[in-house]
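Each in structure tokens, the structures are laid out below.
In what follows, chain A forms one complex with chain B and a second complex with chain C.
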Partner chain A sequence: MGDGGRGRGLLIAGATLVAAIVLLALLAPYLTPYDPDVTVVARYTGPAPPSAAHPLGTDTLGRDVWARIVFGARTSLAVAVLAMLVSLGIGVTVGLVAGYFGRWLDTACMWIVDLVLTLPTLLLLIVLATVLPPSLLTIPLVIGLVGWTTFARTVRGEVLSLRERDYVLAARALGASHAWIIVRHLLPGALPSVLALAALGMSGAIGLDAGLSYLGLGVPLPTPSWGRMISETQTYFAVAPWLVVVPGVAISAAVIGFNLIGYGLLDLLGAPRT
Partner chain B sequence: MSARLRGLAALLCLAAACAVPLDPPPAGPPDGGGPPRRGGVLRLGAADDPHTLDPARGYDTASWSFELMLFDTLVAYDAGTNLVPALATSWEQSPDGRHYTFRLRPDARFSTGRLLVAADVKFSLERLLKPTIHSQGAEFFSGLEGAADFTAGRAREVRGIVAAAPDRVELTLREPDPLFLHKLAMPFASVVDPETVVRVGDDAFAQHPVGTGPFRLAEWVYGQRLRLERNPYYFRAGLPYLDGVEVTVGVSDQLAWFKYQRGELDLAGIPSAEFARVVADPRYRPLLLRRTTLTTQYLGMNCALPPFEAVEVRRALNRAIDKQRLLALIDGRGVVAEAILPPDMPGYDPTLAPYAFDSGRARAELAAAGHADGFATTLWATRDDTTLRIAQSIQQDLRAVGIALAIKPVDFPALLEAVRRPGMVPLFLMGWEADFPDPSNFLAVLFHSRNRETNNNTFFADPAVDRLLDEAEPLPAGPERWQRYHEAEVRILAQAPWVPLFHPASFAVRHPRVRNYRLHPLRPARLEAVWVAW
Partner chain C sequence: MAGYLARRLLRAASTLLGTTLILFVLVRVVPADPAVSIAGPKADPATLAAIRKDLGLDDPLPVQYGRYLWGLAHGDLGRSYVTGRRVAALIGERLPATALLAVTSLAIGFALGVGVGLLTAARQGSAADLGVLVATLVGLSIPTFFVGNLLIYLFGYRLRWLPLGGYGGVRHLLLPAATLAFVELLFYARFVHTSVTGTLASDYVRTARAKGVPPLALYLRHALRNALVPIVTLLGLDVASLMSGVVLTETVFNWPGLGRLAVQAVFSLDIPLVAGTVLFSAVLVLACNLVVDLLYGVIDPRVQHG
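Entry: the complex of A and B
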């Protein structure tokens, strides 16, 4: 069980990291004079090490690494947020419906959740990313479609206990509609834990996006993405380690940031860590 | 730069300084005199198992590299592109150019010990033409008299292939074909052992190949390794020097490089990341192998699909792409391509360079063609690192002239399948390597309108070009033939179905113990004269 002090500390540390990344993403055009997609060296002769003009060096196409990092922050955050919305949408709906109506509907929903959970995540991601046409929306959709099960289970669990509370029973006795009860009474009750999970899910989505990009299935070329930056340059690790280290640090920072927020929220809520 | 950024930059400079220095090449005996030594096993690596070991069915570099170890053809190439005797000691051509008489070596034996006779040559060429074999090489020999009847099942043998005596084969063509000897030098025309084919069947022959080559297959553990051992009956006295060749399967290019550096492989390609350091390193210099190939890498445009049906658009793309940068992206391994034919190809004209890189002019031409606002299109490319970097370089060049390019990365077999479908692929990145040193192998195969849906993947069709190609086809090798093909090439370039990008050269490194290993401009390296020192 958590104590408020530690939860707050985690939350502040995470929020600081995430805020920094969000600022990078928002201010990207002001943080670099370079177009992240364009070769900026006059003559390409291999990746160049950090210099005054290019503080993080240039990559295997002669593009500015710092520019790709800051614009890559946009990609990573956008993918993570969209993936999270898809997961939330599906997961919370399924959880509310299953938990509230119970009986055969609950059994069916949880059966589907179990089914999705048994599928190997990365394999499912690869299949979906290969089948769906490549676009900026495909990857978040794919990650969202794989990641909703935790939300469904958590929300269902919350709803199972909430629906027996007096105020819910009272609402039902007064003849409130199912929709009203779900939206007005059950959803707000489940919201705090959903928020904590969403933060944890964000870090998961960033990691998955990096993994997919690493496998060559990420957002369309040449959109900068941190995972792709690593996969494009991994064979250069012995020659130009900064090409791999810089996006690696960025991915770690984002994942750690969102994780800290998630655990901080869970601690504040007094929920057990999963 | 803020103080924090400067600190970060300093940190990264430190990381850069920590870049791992280039490991030395494996240690081995110094180069120097001494006669070739018999014995030893050459250790090679391959990413995948070969597609097949049946010469009638292999049409890729990996399969061919094994077929050259296992089989022989009537004629073959010397170290360059000249045809020399192999299983045939000599040959005569009739004055009308339709009849060939080949005198066979008296001492060529299959690796089973049996002497090769003329009937084996007839068996092998007819097997290639059998419809059940589905050989991609069949088209090269469809000019043999009676080939069509045989393929259609109307005849039990090919009239134009006669085993006149045990040591004499007579081949008759319907029309004279100046390329016929080159076709006979393709691995498709390898002589296979009929006894083995009959015993194991046509399909299983790919796993149990028997020929007259310097080596024979000892073991093939699928997905793990192939082991070849010396053919004790090989007809060239004293060869091969090697006891055998062992190929480890499942070794990616990067892994092959590491294994080479550890001394576990005798030959390897050089990864892009390491290329600059390797060629600059005096320790590696004596071990470097280089060859130019008869290859052109190009950007293909689908002439049957808008907006590339407009020649103005195709010309504009020819001016929009910075080929020098592309060459830099492949570590300078090759030369920029301005036309279709590669250097070293007869008929190559170094002055042919109709389109200079000029974004401004490209933009103006696009505007004149009604695309002042640009357009969006899709480029199909294989998903390997180098190709995708080339694709992204082209993508930024085209963006500069207003064309929004989406890149579609696919596997190579999928790309081959897709480009054959009309209306499917607007732009694609591919390469073509000549099977034999004749311009027709580029110009007719890739641009004759009759080859749309096989290898003419730009769906280019121009009656004048067709006519020039048809006129050139029967001409004997020589200035008149080259001139006709040159006219065709000039005309094709004016129609611009391609943006020629570069002619790559291939590089490899050898273990210091490997001697006499030579890369060939047309074929995988032959191994019978390779030896290892200690």
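Entry: the complex of A and C
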């Protein structure tokens, strides 16, 4: 399975796709003369198909679709990065603690992991989104709170295999503190798989954010968001298919890009995948 | 076996208790005052106080949690703030639609996915591996609601073969079931492919081949049996993600199931209804996982002593 060429191929393909989307987000103001939230057509006669002035057409409110896509990329990426960091922070901490200290702490941590896994992700997100009023900060927090379990399980597994190694036992015999052993000896060993999971975490967060936005529970208006672009315009699908296809392709491309990076890394690490 | 069974039951029970605690905490920290949700924003303070007293909202939290558990133990999920009807009854009304959709799509997706996985695994080589990996990766990356919308566009608007949404006969079921089955198909195809190719590469299969076991018998009798054992576990774990897919698919197709119920309840801040549907799904997932654990104990003798 660990055929290096394949993993590298996936990684390069994913990195290219992600780099393109990140560039769109960073350069958004330079890529379009239009404000994404403002009606830009002189006389509104319904959504207009792609033209020279509006490469991806205009939407049901006469806004430029391309402008909404590039500015929407900012929202999607920002939400995903924050959510992934929340998941990573919680998951890595729980995994390190559970794996290193073992015993009842391990049992308790894994019980919580099981609990979170039992609740259907989207329904849990819906409940959390009801409790916390949606904003650019709460949405990532909520997505991060349901997504940390994979990090915890993987890091725990790595730590379990590392903690009996000679160099760790030696460090302990020399009187190194728990914190030192965890940060200095165990964390670096778990880092490669955490990196792969971080990429998969990004794709998961982008998908969940799009799903929440589609249900109308995402980052509130007027911030442009890819998921909401679909839910707002799907009733016009028959007459203006580009309104749904364009954001749909954008979401898919972003998720595919991060998934390619994640699986490419896993492949290079020779990790089993399911 | 008895010890294994007892451990599993205990675990499921403790997870269920944890779920109720999480839901109770979430429901109690919701900023909207339940009394206001029921009586409306213009209600006078006396009415609000009466409703609060009626719902027991002035009691200490542990008392309220105890009462919540007591009610749950008697099948009482509370009453909807909006309609005043029993949450359990509302769930019961919507359950058949969701069950129909979920079971149909799981059956189709599972059967096709296992088939595709077996066929591609039989065709050994890194090209087939890469093909399956990339195809499932790309397919599973496309959001469910986008797949659903594309199907509506093609079969509803363009070809006009099938209705755009709603609940009715088989014709209404086809598109939403296809949407969900698409995800399930890819999911199982990938798993079966990886699992079977892994088993085919293992030592005991190589030994059997060296002994001259014919390829078909090798594939069916030696590789498949072992490769398919973990799929039972996967089926159990998949129920939770299937429920998430159901929520989105029901929204796309305006399918009157539990997912629509939960989403609509969120928008009307109907907290008992939201909590009730989530708890119901959690119980469903737990029950499925428990069945899987038991099946696993039967299929794989090693588990009984683990």
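Here is the rule we use: the second predicted complex is superposed on the first by the 274 of 274 C-alpha atoms of A that agree within 3 Å, B and C clash if a C-alpha of one lies under 4 Å from a C-alpha of the other, contacts with A are read in each partner's own complex, and residues count from 1 in each chain.
Assume a residue touches a chain if its C-beta (ideal position, glycine included) is under 8 Å from a C-beta of that chain, and two chains touch if they have at least 3 such contacts.
The shown structure was predicted, so the numbers you read here are calculated from the model rather than taken from an experiment.
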item	value
First (chain B), second (chain C), both or neither touched by A:Val255	second
Contacts of A:Leu119 with chain B and chain C, given as first, second, both or neither	second
Chain A residues touched - chain C or chain B, whichever exceeds	C
Partner chain(s) touched by A:Ala52 [first = chain B, second = chain C, both, neither]	first
Partner chain in contact with A:Phe101 - chain B first, chain C second, else both or neither	neither
Chain B versus chain C as contact partner of A:Pro220, first or second or both or neither	first
First, second, both or neither for A:Pro241, with chain B first and chain C second	both
Common interface positions of chain A, toward chain B and toward chain C	216, 237-238, 241, 245
Chain A partner contacts - residues on chain C that touch it in the complex	11, 14-15, 18-19, 22-23, 26, 29-31, 126, 130, 133-134, 137-138, 140-146, 149-150, 152-153, 157, 190-191, 194-195, 198, 234, 237, 240-241, 243-244, 247-248, 251-252, 262-263, 266-267, 269, 271, 274-275, 277-278, 281-282, 285-286, 289
Parts of chain A lying in touch with chain C, wherever the complex brings them together	1, 3, 6, 10, 111-112, 114-115, 117-124, 126-131, 133, 203, 207, 210-211, 214-217, 227, 230-231, 234, 237-238, 241, 244-245, 248, 251-252, 255-256, 259-260, 263, 272-274
Chain B residues touching chain A - in the complex, by the definition given at the top	1, 5-6, 8-9, 12-13, 15-16, 18-20, 22, 254, 271-274, 276-277, 325, 328-329, 331, 383, 385, 388-389, 391-393, 395-396, 399, 406-409
In the complex, chain A residues that touch chain B	37-39, 43-46, 49-52, 55-57, 60-62, 134, 216, 220-222, 232, 235-242, 245-246
